[in-house]
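Chains here go by letter, A, B and C, matching the order in which they are written, and residues are numbered from 1 within each.
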Amino acid sequence: MAATAPPGVEAAFGAGGDGALAGLRWAVARDLRLAMRSRAELGVQLLFYVIVVALFPLSMTPERNLLATMGPGVLWVAALLASLLSLPRLFATDHADGTLEQIALSPYPLEALIAGKVLAHWLTTGLPVALLAPLLALQYYLDGESVGVLVAGLLLGTPILSLLGAVGAALTLGLRGGGGSLLALLILPLYVPVLIFGAGAVDSVRAGLGATANLSLLGAGLALALVGTPFAAAAAVRIALD
Amino acid sequence: MALNWTRYASPASFHPLAGKLIPWFGWGAAVLAAIGLWLGFAVAPTDFQQGEVYRIIFIHVPSAWMSMFLYVVMAFWGALLLAFNTRLSGMMAQAIAPTGALMTFLALWTGALWGRPTWGTYWAWDARMTSELILLFLYLGIIALRQAIGEARRADRACAVLSLVGVVNIPIIYYSVQWWNTLHQGASVKPTGSSMEATMLWGMLVMSFAFWFYAIAVVLSRVRSIMLERERSAAWVAALPEVGSAR
Amino acid sequence: MLEAHDLAGRRGHADLFAGVGFRLAAGEALVVTGPNGTGKTTLLRMLAGLSAPAAGEIRLNGNKVAPYSQELRSSVAYAGHLPALKDELTAEENLSSLVQLAGAPVAVPELRAALDAVALGRRRNLPARVLSAGQRRRIGLARLAVLRRPVLVLDEPATALDAAGIDLLAKLVHEHLDRGGVAVLATHQSLGLEPERVRSLVLGG
C-alpha cells in the first residue's frame, strides 16, 4: 500500500493513510482472519440456526401443508435469532481489549472500518445461513421455486440484519449484563420489515403471485441501510468510547 | 426585534420558564378534556352501527396520534442534541419518552377494549395495532437503553442515535406491516361510518388538544426534575428560592 | 507544536480538573502525574482525540483540533491502558495489523527489526495469548517505534514492564524527542529525560 504524507506531518514521521476502501479492506481481512482462528464458534452459531428450525415441527403435528405454510416464517425468524446471537461480539471483544480505541483513532474513516466489520460479520453469519437454508427447507416441504426465492430473500435481507445490528451492538457496548437482551429489545423491532418482506416473498410465490415486489423492497431496504447505518454505528461507537 | 431563543436553551433560564408554563398547560388540558368529554359523551350522537361503544374513540384516537407525534418530537430533540450539543435537548428527549410510551400503551389498551365488542376479539393482527405494538417496543427500548447506560451524557447521545434510527424506520415498519396485512387478510377491519358527525369530529379534536396540553405540562414538569437532578451541584440550583428556603 | 488552554475534564457529575494549560515545542515532553482519580487518563484521552473537553481547547501546530479530527488521527499515536492485541493473532500479525490500521505502510523487515529491538524477535510467531503482560506491552512499544507519529500520548506506559523494558521505553521516548516529536506521558517513572525538555503537570495537587 503506497501512502503519501498528508500536509502538516513532517517527512521524518510516518505517513498517515487515507481512503475508505483501504479501511474497509483492513477490517474485512482482519475480522475474517480472526473468525477463521475461532471457527468452532461459527459452527456453534450455525448449529443454533439448524436446531431452532428443527424445533418447530416438534412443537406441533408435523403435517405437510401446515409446515409448508409456516416454513418461510420459521426459517426467517431463526435467521433473525442467529444474527442476533452473534451481534454482541461484533464490537465487544475489540472494545474489551482496546482495539476499538485504535480503530476509532485510525486515519481511515470510521464508517468504512465499521462497514468492513459488518461485511465480515455477514460473510461469517448471514451468508452461511442463506446457503444452509435450502437444506433446512426440505424439512418444511418447500418446493424448488419457493426455496430459490427464500435464498434470494436471505441473501438480500441478512446484510440488512448485520447493518442494523451493528448500530444496536455499538449502542449497547460495555453495558451491564453484556447488553445481550437489551440488544434484542433495541434491534428486533427494527428487524420487522426484513422479516415481513423476506417471508412475504416466499408466501407470494406460494400464492401464485410473483416475488419481485418483496425482493425489490428488500433490495431497496438494503440500499438504504448501506447508506445510513455505518454513520449511525460510527456515531454510536464514538459515544461508547467517550 | 429578533428574539434570542438560544437564551432559553440553558437549563438555568429554562427552569423558571417551564415553571411558569406548566400551570397554563395543565389547566388548559383539564378544561379541554372536560369540554371534549362532554362533547364526546353527552353531545355526540350514538353511532348507528356500533352503538355507544364507539365513544372510546375520543380517548383512543388522540392517544394514538400523540404516541406517533411524541416519537417524532423526541427524535427532533435528539437531532438537535447531536447537531448542537445543547444540554437541554437531551433532557427534553429523556422527559418525552415515558409520556410517549404511556400514550402508545393507552392506544393499544383502548384499542383492545374497543375491539372486543366490535370485532369480537381483544387483539387482531390489524396493521395499525401491530405497528402501534412495535412503536411501544421502540419506546421501551429507548427507556431501557437509558436505564442501562446510567451516565446522563452518554445516555442522551446514545438515545438520540437510537431515536433517529427509529424515526427513519417507523414509516418503513408501518408500510411493511400494512403490506403484510393486506397480503394475509383479504378483508381488513376498517373503522365503520366514513361520514363522521361534526360533533364527533369536534370532540376528537378538542380531546387531541387536551392530550397535547397534558403531554406538554407533564414533559415540562418532568424536565424540571431532570434539570435539578443533573445540575444539583450548579450555582443556579443553589440560588433557587425553593432550594434556599429549604436550608 | 501541541498546546492546551484552559482545559476542563468531567466524568459524570464529578469535576476532575479545570484550567489546565500547557505548551509543548518540538522535542519537549509533558509528564502528567497525580493521585488516582484526578483525571490523568481523561486528560490523555482528550489529547488523543477520544473525548471532548468540558471546556477549553487543544491546538496542534497552531490549529484548533476537535475530537476525532483528521489532523489528530494522522499525527497522534495513542497507547492507553489496554494493549489492543488480539489473543488469536501472533505477535507479528498483531503488530502488522495495528500498523496497517494506523495507515502506515507495512514492510515486513521493518516490523521484524522492531520486534527484535524489543527482544521479541524469537517469539514473533507465538500467539499473543501465550505472551506475558510485559511482552504484550513491548509489542505496543514496537508499534510506536514503527509508526513514528509526531505526537505520542502514552497512558502509564511503564505498567508491567521490567527494568529492561523501561529502558526500551526511555530509549523510544528519547529518540522520538530527538527527532523533534512531542510526547505526553502519564507516568511516575523518570525515564531519564533531561529536565530542560520536560514540562510537568500535577493534577489534583
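Heads up, the rule we're going with is that contacts are C-beta pairs under 8 Å (C-beta built on N, C-alpha and C of every residue); 3 or more make two chains touch, one makes a residue touch a chain.
Note that this is a predicted model, so its numbers are computed, not measured.
When every chain is reduced to the mean of its CA atoms, the largest separation from subunit B belongs to C.
Here the two chains linked by the largest count of contacting C-beta pairs are A-C.
Put simply, the chain nearest the middle, going by average C-alpha positions, is A. Mean C-alpha position of subunit A lies 32 Å from that of subunit B. Put simply, the C-alpha centre of subunit B and that of subunit C have 48 angstrom between them.
If you average the Cα atoms of subunit A and of subunit C, the two centres end up 34 Å apart. Counting partners per residue, subunit A has 242 as the residues that reach two or more other chains.
In subunit B, the residues that touch at least two other chains are 153. Shared interface positions of subunit C, defined as residues touching 2 or more other chains, are absent. Within the complex, the subunit A residues that touch subunit B are 164, 167, 171-172, 175-177, 179, 182, 185-186, 188-190, 192-193, 196-197, 200, 203-204, 207, 217, 221, 224, 228-229, 232, 235-236, 239-240, 242.
If you check the complex, the residues on subunit C that touch subunit A are 48-52, 61, 67-68, 70-76, 78, 80-89, 93, 97-98, 100-106, 146-150, 179-181. Subunit A makes touch with subunit C in their complex at residues 1-3, 6, 8-10, 12-18, 22, 26, 30, 33-34, 37-38, 96-99, 101-108, 110, 238, 241-242. Contact residues on subunit B toward subunit A in their complex (touch as defined above): 82, 134, 137-138, 140-141, 144-145, 148-149, 153-154, 157-158, 161-162, 164-166, 168-169, 172-173, 175-177, 179-180, 183-184.
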